[in-house]
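Next up, some structures in structure tokens.
Here come two complexes built around chain A, the first alongside chain B, the second alongside chain C.
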Partner chain A sequence: MNMKKENKSLYTKAVITIGQLWENPIIKGIILLALALFVYFLPKMATLYFQRIAIMVAFYAIGAYTAVLLTTYRGTNYLVAVILGACLAGAFGALLALSTMRLSGTYVTIVTMAFFYVISSIILNWDSVTKGSVGVLNIPAPNLFGMKLTMKNGGIFYLIMFYAALTILATQLIINSKVGRAIKAVRDDEMAAIMMGINNKKYKIIAYTLAAFFAGLAGTLYGPFMGYINNATFNYDICISALVIVILGGIGTVKGAIIGAIIISPLGELLRGLTTFMKGLPEWMQISQPEQWRFVIYGMIMVIMMRFRPQGILGGQSKLPYKMPKGVERKVMK
Partner chain B sequence: MALLEAKGITKKFGGLVAVDKLSFEVKQGEIVSIIGPNGAGKTTVFNMITGIYEIDEGEIVFDNKVISNKSPIYIVEAGISRTFQNIRLFKQMRVIENVMVGTHIKTNYNFFDALFRTKRFRNEERKATQKAIDILESIDLGDYINDYANNLPYGLQRRLEIARAIATGAKLLILDEPAAGMNPQESENLLNFIRSLQAKGYTILIIEHDMNVVMNISDRIYVMDYGKRIANGTPSEIASNPDVIKAYLGDASEILEEDDAV
Partner chain C sequence: MFVEQLINGLAIGTIYALVAVGYSLVFGILRLVNFTHSSVYTLGAFMVYVGVEYLHLNIFLAILFSLVTTGFAGVMIDKMGLEPLRKKGASKISAMITTIGLSYIIINCLNIAFGSQIIRFPDLFNYGTFKLLGATIAWQQVIIGAVALILLVALSIFINRTRIGLAMRAVQQEPSAAAINGINVNMIISLTFFLGAASAAIAGTLIASYNQYLRSSMGDIVGLKAFAAAVLGGIGSLPGSVLGGLIIGVSESMAVYKLGGSYIDMVAFSLLFLVLLIRPYGILGRKGSTKV
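Entry: the complex of A and B
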């Protein structure tokens, strides 16, 4: 009996340790999954990814602020707040899609960049609602049907895993359907897609809305997890991490986003361990924030990937055969 | 009864009249070619038929329905599908996915069917996949279904583009320079392929520069120059038409004048 209890506490401890290492990263990973869907519209140019990732962070911020403000100041039920947060982000996605409808290439990038700055300025300056740079403090732990999910009982970790699974599943279901094919077709060649009878506008709106919805959903996790958010939470640092994850894992694939997030995400935490190591070094080698080394590593990863494997670890063309639905026959068998 | 009929269609770009009161018709089961020197307005005609350009005057009737100035999607649904002068496949998608994009308008389920994998989704998806495989096998692309479109050889990419057009359920296929960039062997294969499509009941409208292809395959030919129709008839009639020779090779008197000037 005692033994069992001990095992259980060991297990909980392990879950919490892994959780701490990966939780923040997992949230990032979820945004990136959302991004994987969004990336379908990106031209094959890495320079443009960054700006589009920036708008994902804007949607992420919309989701986070909506959920946090509702739960902290209105006492709204956690689930309701999450759904509202994700839906509001989705609505902004649709708006952005409508406003970029007649633009292409670089011009879309300019509008999305502007959108990011508009959202950050609103968060910074709308003091009466967002609390500006002071930020929102004492965000309550998510309360699911009377159960409080905190870091201590590992609940947050399971919640994050659940969201990740949900996002992966939904993304896969959508990609492997008529909707996903239409989105990919519009990305590859819009004119040819129109000539196949595909409503290009409709599918652009769908893609933007979905991407924004999932980014908003990931955002709703951030507040309860950190307990505190302010305008600086949603900055270009997140964009850079996201960009590296996508480039490392593989642009435009869900698998790639997962692998990239698993590899890159704990980096910041691990590098914090460098502090102790650094103390033993001569003074001229000391730096104040060793975790900032991750940006050096990010840079190296990007250069190496672009030189040797621009499609990412799991990106590019799949060698597996196409997965046929059940009941399909080939008359000529090879 | 004509399947496709253009009645005096005109397209102006500012002051330039690209297509000037052009009339032509394509009957059920025919292969009709439109030829003409560069800049004669052939591709503009295709863009007018498929709804990319609005037309300024005239009317296009397909299968007893007026399709001029309708949306491209309406026109695809009516039964016209096209290929492009410079191949426009979905390069990062597999061969079978390319054809399945073609089945898009015939696949009837919505977003939520896909999300919840309903019975309707499974049935429709099975039907679409089966149709794509049947089309690919019927045109000897069955061995390539798992390949990505941009890895196919040039001749097969052309063929895949036609397969994708067929998948929309089109009755009329519009081919924009299908033999462009092909070697003699490839264009010979293409000739046979297009004939086999005709045998299957498709009606085909072609723009082509390769005279060997045009003369061998067409039931009738329309010749355009400066946006106007200058001749029409069977291949043998066109080959001996003085106006056509003039449009392609220039006027004999002009040549003489130039000689005099020198």
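Entry: the complex of A and C
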């Protein structure tokens, strides 16, 4: 009984701390930016479409939980835990790719959604390992070569930036390689790709694995950053926030993700500010639930963007000449 | 215990089927997964609550009120959200993201208006219990199952026996050919949305009265399970949706009977996963040919 009470008070404390963290628009912006950057791989890396954003959160959760549980309860080295987390997420990605190989269209959608649901249900119910809804508390700050990276000394921001730079670099390298071109071909037109002799199954597995790997990597960052995770950390609202960011900024571009994150992340703060500002006004003009209004606005952004500018603010066709890979020459008959 | 759980599973299963039919109808015509369906289901239950609580209507009038308003909400979703996209020739993904956005708007508006906490809902069919094969069964379960079943039969008669149903099937097969033959395609699509929304409203009301509460997040999991049911049976096929709904409902209550309640939500999805491994197009679905 006493134990439970203690847990509960810890829990409330943790919730309050997280609330305070989220008060800070800069931190929020950075989280969302990081998230958006990782989501940006979704359209590029995988043969996935947008409805499958849910699955990225599932891999995100797998990475986060693996790293957090290892570092908090086993005292594993941070780097080792990160690599294990990302690899486990990647392995799940490969497994999912193998099991959805025979499916197409809507069937893949529902299976990936089901996968997300099964993972979050396991997190909630496997109390002995994941601590269920109580969550994992007091996650240690990442320790790199004897240096503690915390929120206070700002180390964690540099870590996020490092991850983001690393992932952008890695994706650019992969996208412009032979594997990347094959993945793009399979994504854009599977039938045509098969006709050109591309092994669609092999590249689907590669794409899923890579996307899951990077999502898992992003997840390993989340735990030490927040200091606390539980089953509710990884929910559809995260998917929707990320989805809105990429839709607003422009689908499949880094620029778009950054712009989207800059516009979207202060929205919650603005609405909260508006609520206090409107206190003096007549009752019918007041906004009482800023959080809900934020989601209504998200929905409106989605609908309006799809109606008037589906490619996003910065999206659209690239006017730059297509860059030929090494060893391929452009020969135009004149 | 077994018989009770079986009856319970069948009752819940028919409701899943009723929601799944809505997914299937829209998918059959637009080839689009309608993500607003789960929020329309919630809206339906809330409209009955509004009718009883704020407009002081008789419960049957309240249900009728909910049917009409929710049905028209479905039509508005199509007219304001999806029809412009169809006219523009936008991609399927745009349409799907629009439905995600609209469902977010509906759910959060309900949240703003009624709050996210549990609201008590009247028990509509509280007629006590009866004994069958040594098990105690609530009339409520039987009535809920029966109402859903009657609606399913009525829907299938409407689609297979009437002229409008014929037009719906024609649009499902080939919209442009149907338009050439003088069918008002946009009207038929709106009608489909109306039917889907109205059946979801009834399903939402039945579930709310079964649980005796309603809340704005009640549609999330039911919507997903009904979608799973539609896919399990073969999306686009009405008998398939019904079969899928019953299978998921019964297997869930069997899982509660054997394993206890905490893994209930996983059963539907694990089952779906296994079935699709063996039959990638669902139980009654047919494999379409890929056109190049």
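One rule holds in what follows: the second predicted complex is superposed on the first by the 244 of 334 C-alpha atoms of A that agree within 3 Å, B and C clash if a C-alpha of one lies under 4 Å from a C-alpha of the other, contacts with A are read in each partner's own complex, and residues count from 1 in each chain.
Quick note on the criterion: a contact is a pair of C-beta atoms (placed from the backbone, for glycine too) under 8 Å apart; a residue touches a chain by one contact, two chains touch by 3 or more.
Everything numeric in this text was worked out from a predicted model, so none of it was measured.
Look at A:Ala114: by the touch rule set out above, it reaches chain C but stays clear of chain B. In the superposed model, A:Asn125 lies in contact with chain C only, and not with chain B. Of the two partner chains placed by the overlay, only chain C lies in contact with A:Leu243; chain B stays clear of it.
Contact with chain C, but none with chain B, is seen for A:Arg102 once the two complexes are overlaid on the shared chain.
Touch criterion met: A:Met191 reaches chain B and chain C at once.
By the document's definition of touching, of the two partners only chain C reaches A:Arg307; chain B does not.
According to the touch criterion, the shared surface of chain A, contacted by chain B in one complex and chain C in the other, consists of residues 191-192. If you check the complex, the residues on chain A that touch chain C are 49-51, 99, 102-104, 106-107, 109-111, 113-115, 117-118, 121-122, 125, 191-192, 236, 240, 243, 247, 288-289, 292-293, 295-296, 298-303, 306-307, 310.
Contacts from chain A toward chain B in the complex involve residues 170, 173-174, 177-182, 184-185, 188-189, 191-199, 206, 317, 321-322, 324-332, 334.
Residues of chain B that touch chain A in their complex: 50, 52, 72-73, 76-77, 81-82, 84, 88-94, 96-97, 100-102, 104-105, 107, 109, 111, 114-115, 117, 121-122, 124-126, 128-130, 133-134, 137, 142-143, 145-146, 148, 151, 164, 168.
The part of chain C that touches chain A in the complex is made up of residues 27, 33, 81, 84-85, 90-91, 93-98, 100-105, 107-109, 111-112, 220, 224, 227-228, 231, 235, 262-263, 265-266, 268-270, 272-273, 276-277, 280-282, 290, 292.
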